[in-house]
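Right after this note come the structures.
Paired with chain B in one complex and with chain C in the other, chain A is shared by the two complexes that follow.
Take a look at the complex of A and B:
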């Protein structure tokens, strides 16, 4: 059974004149125990999508979807309170800058104890305090922090970035979620620390069968850690498939350009040669092109591209393009 | 081509804690290091935070005074504190271009400032030069009357680049200038930098932790850790046969992500 199943989700910014579709009909499905990468450049609406799943968007945004199922439950039909109950029990999210997300005025221990689920504590009321403390320490052990005595007493600014991110993950684990949404967990981190965090997430995925939605702006960073990848561009669905399919045989011109433009991925290209790029830059929200939003930058664009393409499915490799690069690989 | 453009001899930096008279604590940010750069070449400096790579950049542009050592440009010593001489030849691009551009000035005023302070050109010549420079970095002359907030991230980075090359420098220091850009903009920027290097014979000092870019972009590289130079040599050699344990770790942490695909 699919853990989460989203069809044609649109997120609309309410404005005075006409609404702007910041996310335009995006599909996302995840199975249990899957690690899925959600890749897109800044402004492609990937964080918005994550926030819409967790349900933390405010009044300015309107979320609409043809289908939004969580383990078979239709979330669109439930009332906001019921939806919140389901989501807050099973979904947790970690954010980009761990230092900025932790409370700088309280110690790590107190913040962790706050996150501990009351229902997991068994015992009489005089035992609860001790149990809560123990639960916080256990959480720290789970994310691989062995020196818990020092850690619980320290404030966020006394820890390094990677340790803070571990603490964030520990808090996210407090309610034993089934899905962890990691919104650029390693942006602005050293490469050695990045490896630590990714390894921790991978081990959680394997040991606890926790699904992870890994959001990143850089395709090359996530490829090693994901089973499947969904690519977005400017709020539109581009391509989805297994990591090998996306990386070795991208069907969409945009994914192709992403793969080609990373110097790390193509180890064959000679030193100091020109890299392949798309012309121009990402359109801003006020001036979105009609139809396929890649249109003005796309090397294969034709007249047909002013209409948004339908999603084509080649052996569970979905691509949203009128002229997929399918033939060029056979 | 074979003569040395920038020569750095025994450059080091020690920070002193001024609070105590007795048992003054010294923090060695950078131990003595020496290197040469030719025109048309790129030197990459790699290391973790706190390894002293930003200190090198600050010393080279003159934002900090070196404790020992000196810097020679074309055989001429760059005096510490003589910014008139230095800022014409050594320019720097910062990581976050959005915050390094003055939001209350138009692009023309922004680019006019270094010209007014450093050259004797009159208004028409300056205007012409700004126009040409903008064209060189792939922007239009119309953009002159725009303010920084009207540009996207990639265009802002181009403006910082225009500000760096407008005085026709010989050395440009890129302090993590490519880190915060999106992948497609980053490769555009790399192409632009490579083109400019060909045309103007610039020498780049690239400070980065993305080894993919370093491999593609640089001729020589230097690995720093805790202020010490661990390895220094041709980029291809170091990446193929790293000698030091730290370098191996650094390469492994980035390479394994893709190698086994």
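Take a look at the complex of A and C:
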């Protein structure tokens, strides 16, 4: 059974005139224990999609989906409050800027304690307080913070970014989630710290069988840690498959460009002579192209591309393009 | 925290310097003889004047004149009132406590009502309560103080007869002068009518406080509203939401504290505004405070009193400003330590 199964999820920015689809019919499925990468340039709607799953988008957005199942449970039939209750029990999310995601005026300890699930506590309230404290400290140990006395008394601005991210992960673990959504967990971090965070996530995946949705704008950065990858561009679904399929045999021109632009890939595909990237940049929300949004930047674009392509499935390697690069690998 | 304190202290010294220079130069700018303006001795004989001129170093340069003025100030000598012939320092000391009482109570009342209402508006952003509160705030802010004061007296004192319209306490009660702050003096006194006196003083306080507090309260409403909106839009509120906290938990545990801190920072600035309103209100309600005295002095061209009153009132405003700054620092961990701390 799939852990999460999303079909054609759209996220619409409510405006006075015409609605803008910041995310346009995106699919996402994950199995239990899977680590999936969600990759795309900055501004392709990855964070929006993640926030829509967790249900923390504010009123100016409207989320719609043909199918939104959580462990076989049809969430679209539930009210937003019920959906939120189910999701916040089993799904945790860590955000792009860890420092900004911690309340600057509350100590780390207090913030950790309030994340602790009430159901895990027993006894009278004075016992519970003690248990809460202990649970917070245990959480810090789990994410590899040994100096917990200092940490619980600190305010967020007194910690480094990497430490804050560990605290965020600790908080996410408090509810023992089945799925952890990590939105660019290592952005703006030094590479040693990046490695530590990724290793921590990988160990959580292996030891606790926790599924992880790893969001990144950098394909190469996450390939080492993921089983499968979904690629997005400008709010549209691009391609999904195993990490090997995506990295070694991308079918979509956009994925191909992403792979080709990473230096490591050029070693694996020796027949490529120069670093190839697409011209232009990602369109802004106010001026989205019709049909396939990659059209204006795509080297293979043809007239047909003004209609949005349907998803084609090649042995569970899904690609959304009228002219996939399928034949170039035979 | 030490650096923070030192910085405030520097600011205090610098501001006092500017204030005293301003007040000193006023004695030149006012019509009449500068020495008389400075000392307020209008009836002095030529011999007395000569002694004063010597005291204030009139024959030396401007700088030493200024320093001798400062010297006198530090010893609490601000000259004599031109109208009552009493020392300015005594006059001020008799009246300042009443003003402190009125303004501080009004500030607390304004915050106590303004902040929650503003938060409420932000929580119901763009819905009916928000619009209602914004409208009320706009109306409250645009009502002129003297009109409001007179109206309040007309309705609540004259027509309904609920509350007294003038003074600080009924003349029946004799309260010993200890701190000068009426309410505290009453509580300290051992009069058998202590509680009656306290009630009476409170009843005298109600109308002026409401009149003074109204406009600042509406400002606090709007400050609180925009601070809360800003806080509700931050990442940490979104993260707390994703953490599974309920909306009221988020508001009480995270949003309120951060929004209050944002507002507190601006309260100091509003206090000067509040004191101005209090001065007008003191006249309307015959409140025996320094504001009424200062306005009367202006009418009577009592230049010495104007100078002294200005210095004292500005110092008071400034001290409150600094106290509020310290409250802000105490609440906000970011202001206490420099950011580079342990990185």
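One rule holds in what follows: the second predicted complex is superposed on the first by the 320 of 330 C-alpha atoms of A that agree within 3 Å, B and C clash if a C-alpha of one lies under 4 Å from a C-alpha of the other, contacts with A are read in each partner's own complex, and residues count from 1 in each chain.
Criterion: a contact is a pair of C-beta atoms (placed from the backbone, for glycine too) under 8 Å apart; a residue touches a chain by one contact, two chains touch by 3 or more.
Source: prediction; values computed, not measured.
**Student:** Considering only the touch criterion stated at the top, classify A:258 as touching first (chain B), second (chain C), both, or neither.
**Tutor:** In the superposition, A:258 contacts chain B only.
**Student:** Scan A:300 for contacts with chain B and chain C and give back first, second, both or neither.
**Tutor:** neither
**Student:** For A:190, is the partner it touches chain B (first), chain C (second), both, or none of the two (neither)?
**Tutor:** In the superposition, A:190 contacts chain B only.
**Student:** When the two structures are overlaid on chain A, which partner does A:56 contact: first (chain B), second (chain C), both, or neither?
**Tutor:** After superposing on A, A:56 lies in contact with chain C but is clear of chain B.
**Student:** Give one of first, second, both or neither to describe whether A:223 is in contact with chain B, with chain C, with both, or with none.
**Tutor:** first
**Student:** Find the residues of chain A that appear in the contact set with chain B and again in the contact set with chain C.
**Tutor:** Shared contact residues on chain A (touching chain B in one complex, chain C in the other): none at all.
**Student:** Would you tell me which residues of chain C are touching chain A in their complex?
**Tutor:** Interface residues on chain C, with respect to chain A: 234-236, 238-245, 249, 253-254, 257-258, 261, 331-334, 337, 339, 341-343.
**Student:** List the residues on chain A that touch chain C in their complex, please.
**Tutor:** Interface residues on chain A, with respect to chain C: 51, 54, 56, 88-89, 92-93, 95, 97, 100-106, 114-115, 154-155, 157-160, 168, 171-172, 174-175.
**Student:** Could you pull out which chain A residues touch chain B in their complex?
**Tutor:** Of all residues in chain A, those touching chain B are 41-42, 190-192, 194-195, 217-221, 223-224, 243-244, 247-248, 257-258, 261-265, 269, 271-272, 274-278, 281-282, 284.
**Student:** Considering the complex alone, what residue numbers of chain B touch chain A?
**Tutor:** So the residues of chain B in touch with chain A come to 48-49, 152-155, 182-188, 190-191, 194, 209-213, 215-217, 219, 235-236, 249-250, 253-254, 256-258, 260-261.
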